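Take a look at the structures below.
Okay, so chain A shows up in both of these, paired with chain B first and chain C after.
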Partner chain A sequence: MSKSVRVGGHISRQFDEELDEIRSRVLKMGGLVEVQLDKVLDALRDGESSPIIDIEKVDDEINDLEMQIDEECTQILARRHPAAGDLRLIIATTKSVRDLERIGDEAQRVADMVRHAMDRDASKKAFKGLLSLTEHVKEFLHETLNTYARMKTRNAVKIMRRDQEIDSEYSRVVRRLIEFMKKDPENIADGLDVMWAARSLERIGDHCINICENVIYLVEGQDIRHQNVDEVKEQLS
Partner chain B sequence: MSKSVRVGGHISRQFDEELDEIRSRVLKMGGLVEVQLDKVLDALRDGESSPIIDIEKVDDEINDLEMQIDEECTQILARRHPAAGDLRLIIATTKSVRDLERIGDEAQRVADMVRHAMDRDASKKAFKGLLSLTEHVKEFLHETLNTYARMKTRNAVKIMRRDQEIDSEYSRVVRRLIEFMKKDPENIADGLDVMWAARSLERIGDHCINICENVIYLVEGQDIRHQNVDEVKEQLS
Partner chain C sequence: MNTAINNTMSEIAKETYQTVGKPLLDSPKMSIKNTNVFYGAKQAIFDVNLDVGHNQVISMIGPSGCGKSTFLRCLNRMNDTIDICRVDGQLMLDDLNIYDKKVDVVELRARVGMVFQKPNPFPKSIYENVAYGARIHGLTDNKVELDELVEKSLQRCGLWKEVKDRLDEPATGLSGGQQQRLCIARAIAVNPEVILMDEPCSALDPIATATVEELIHELSENFTICIVTHSMQQAARVSQRTAYFHLGKLIEVNDTSTVFTNPEHKLTEEYITGRIG
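Let's look at the complex of A and B:
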């Protein structure tokens, strides 16, 4: 982590280690969420649900990590009374962990819906566009985790700008699915499963934005939630 | 707030006032979310969208309050170094505020979908069941806010148990909508709007559960996330 983040400054090496430990656990948690999305991608590429059979185990690990990190953050607040940059690190981490846990839940929902549709032998046409959306959302998540790891405001703003691409791709998938469902009432069940999956992917994008906002808060000390990306850029420049 | 919550104990009257101020702002925020749902209820009862025209203003107020409360909590962490029960109050509050903000977003989505469908002159049949689901979710939210206000573990567990009712009602609404859409492809657009609204209502229920979990953490000092309600009850008894 860049030293400039630690505005507060502190001389305890043990405290440094505690903060590094938390940070590495957050990244481990992020890695597990990426594993979830990789499994969904495998299923979509193979056209069969077996890669996502044991995905619940990953979700359990994610939940355990969330609770551990939260507990560590609380301990640090109680024992170390962090100030300035350290305090922001703890606050931003607690929030980001919450978002990561939600991302894990949404990834689990995507997997459930894909499996549900595949096990019902859904028409391959229903899945059109979902692979590409999943790939892009996974990439988006990966960049978000990198931004958290490196604590770079500029990267965070760049990612926030890209969220519109995910939203547009999501809208295209939904429009296509509506056409698909209108063609034949038999397509409705398949179409809805894929639509729920797409919705969850779009939500993952929203949570990534939250994490980027947390990074900006952490580094700059500014709460830029509920602003559009151009306002944010201007405010930070 | 019950004195027993303040396990840490502190003698500064000003600190007490600060905590009370935060608590009353959280309840104000909750009240605004209730206003959002009331407007949706009015629209559904009247069968026309005018009650939800100015709902964005309420959402802006909710977002402002979220940021204010967050800032106050950070200030208290930095200046007061709260311990034990006070620290848990701050942590639980920051989390609950996040959930309330999400509830506000979901309520806004419900309003948008209802307005969208109504302005398109959607078939009245599409809305069947949505009024009742909205009423129940609003009641659920109201009880959740009461539980936060009174900090009662028993109430929190009781509410958590009722979440299954919301989930079942939501599933019934979705099943009915699928039948409605299957009947005629022309119903698909209307059906989907109402389905998204129902989904957002179900999510509001999930966020209420999170707030109840925060109350239990605050009062009992136990993190009971990712457990089912029977496990929770056993652990607390």
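Let's look at the complex of A and C:
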């Protein structure tokens, strides 16, 4: 895991600027996705849905950025014919942007489900465990964005290893919700909303893993998809 | 270039090195071992080891002055025409040592043909340009056989339909792209085993370039092709293997797909991503 990718240093400074612009837009997009999850966290902490009322606007911004970045990547492919690390940067970026956009959609879904349940005055018991899961997923996403920004393979592998923690926490939330719904059929509507929210949070974790895989491809030039973390670590060592 | 940079470059040039990637092959068509080339006291190529595969296209890329053309010209002893040029090492074409004193250079160049940067048809008819090589190499003098050879060579280069009705017209009347394809037809008419191409498309427009590249692809079914190019996209399009030269050293040889997506050597990466040139 000793390789590194150099973004700048081209003879064409304009090319450097174009790549920098794309990277900073990706990070801006990541920042907006974090804002979405922050709003969900605020709602869960406050026990009321007002922080997530205008979350669609954030999603619109995310979608706009996705299209802008895709267009910029297309222009670079057409005009610069990037190779090696530059080519991998463009490919990893277009894939990561798609994952970020889907993370945005999942965060929107979490917000919708939480708002739906809250507006129905769902029992607080229904939300048990969801705050913690959201916090962990938010931290996971933050670490993933840092990994993309710093292009560190080692960090990417660490994050991939932690995905099991998210999956286990999700399973615990689901088991708890099943018990909650079993106790009283009146709980089923609330339980299902929270379950869908938890499911979306778990999916956000999976998209973070995809971004980490893209970072490894970008830095190492190796496609490590569909392998377990130990195999990945061995392949990269 | 200032003295400091010159000194740094000559230091780089002197240090020992190892070519990374896969420079050697099993049963190659050409095998170049420990080859050095000097122009007088100045060394232009440093200890190059490289195999060229049967019916493969290998591209040689690198910044101006890196020695890729000098190296290419060693492969059919074109450098013999330069008095101060000295080549040492072992350069084999199958079992033939190219630089063996007994080797007839004219025969060697029939086996290892060359196409140059600028189309250079003879000031003769289209027909004569193709037939000339076959005549001087004694392949045939028979008119019927020569006609067949000219037609076949022009067909292989995709030029027959364009010129069949004006074979007696001067070759210099053809367009640049047609002239270059005529030169390739001339080269293949003597049935070489290897074709060397020194920037064959640099004087051509994009359409003519695409036609020649398609021709290179088709010819690679029957010929081994070594091409020097300044266009990295061309190297990426036409070759199966790519060799990167830097300051006279063969830095990396790898499958073209590897070189352009994940090169092993930092210098290769810097060159193909436009950081040095």
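Just so we're on the same page, the second predicted complex is superposed on the first by the 228 of 237 C-alpha atoms of A that agree within 3 Å, B and C clash if a C-alpha of one lies under 4 Å from a C-alpha of the other, contacts with A are read in each partner's own complex, and residues count from 1 in each chain.
Quick note on the criterion: contacts are C-beta pairs under 8 Å (C-beta built on N, C-alpha and C of every residue); 3 or more make two chains touch, one makes a residue touch a chain.
Note that the structure is a prediction, hence the values are computed from the model and not measured.
Contacts of A:15 after superposition: chain C is touched, whereas chain B is not reached.
Touch criterion not met for A:51: it reaches neither chain B nor chain C.
In the overlay built on the shared chain, the residue A:104 is in contact with neither chain B nor chain C. In the superposition on chain A, contact of A:221 is made with chain C only, not with chain B.
Once the two complexes are laid over each other on the shared chain, residue contacts for A:181 go to chain B alone; chain C is not touched. In the superposed model, A:83 lies in contact with both chain B and chain C. Counting contacts as defined above, chain A residues 81, 83-84, 87-88 meet chain B in one complex and chain C in the other. Put simply, chain A touches chain C in their complex at residues 6, 9-12, 15, 81-88, 221-222. Within the complex, the chain C residues that touch chain A are 232-233, 236, 260-263, 268-270, 272-277.
Against chain A, the residues of chain B that register as touching in their complex are 60, 63, 66-67, 70-71, 74, 77-78, 81, 83-84, 87-88, 91, 94-95, 98, 178, 181-183, 185, 188-189, 192, 195, 199, 223, 225-226.
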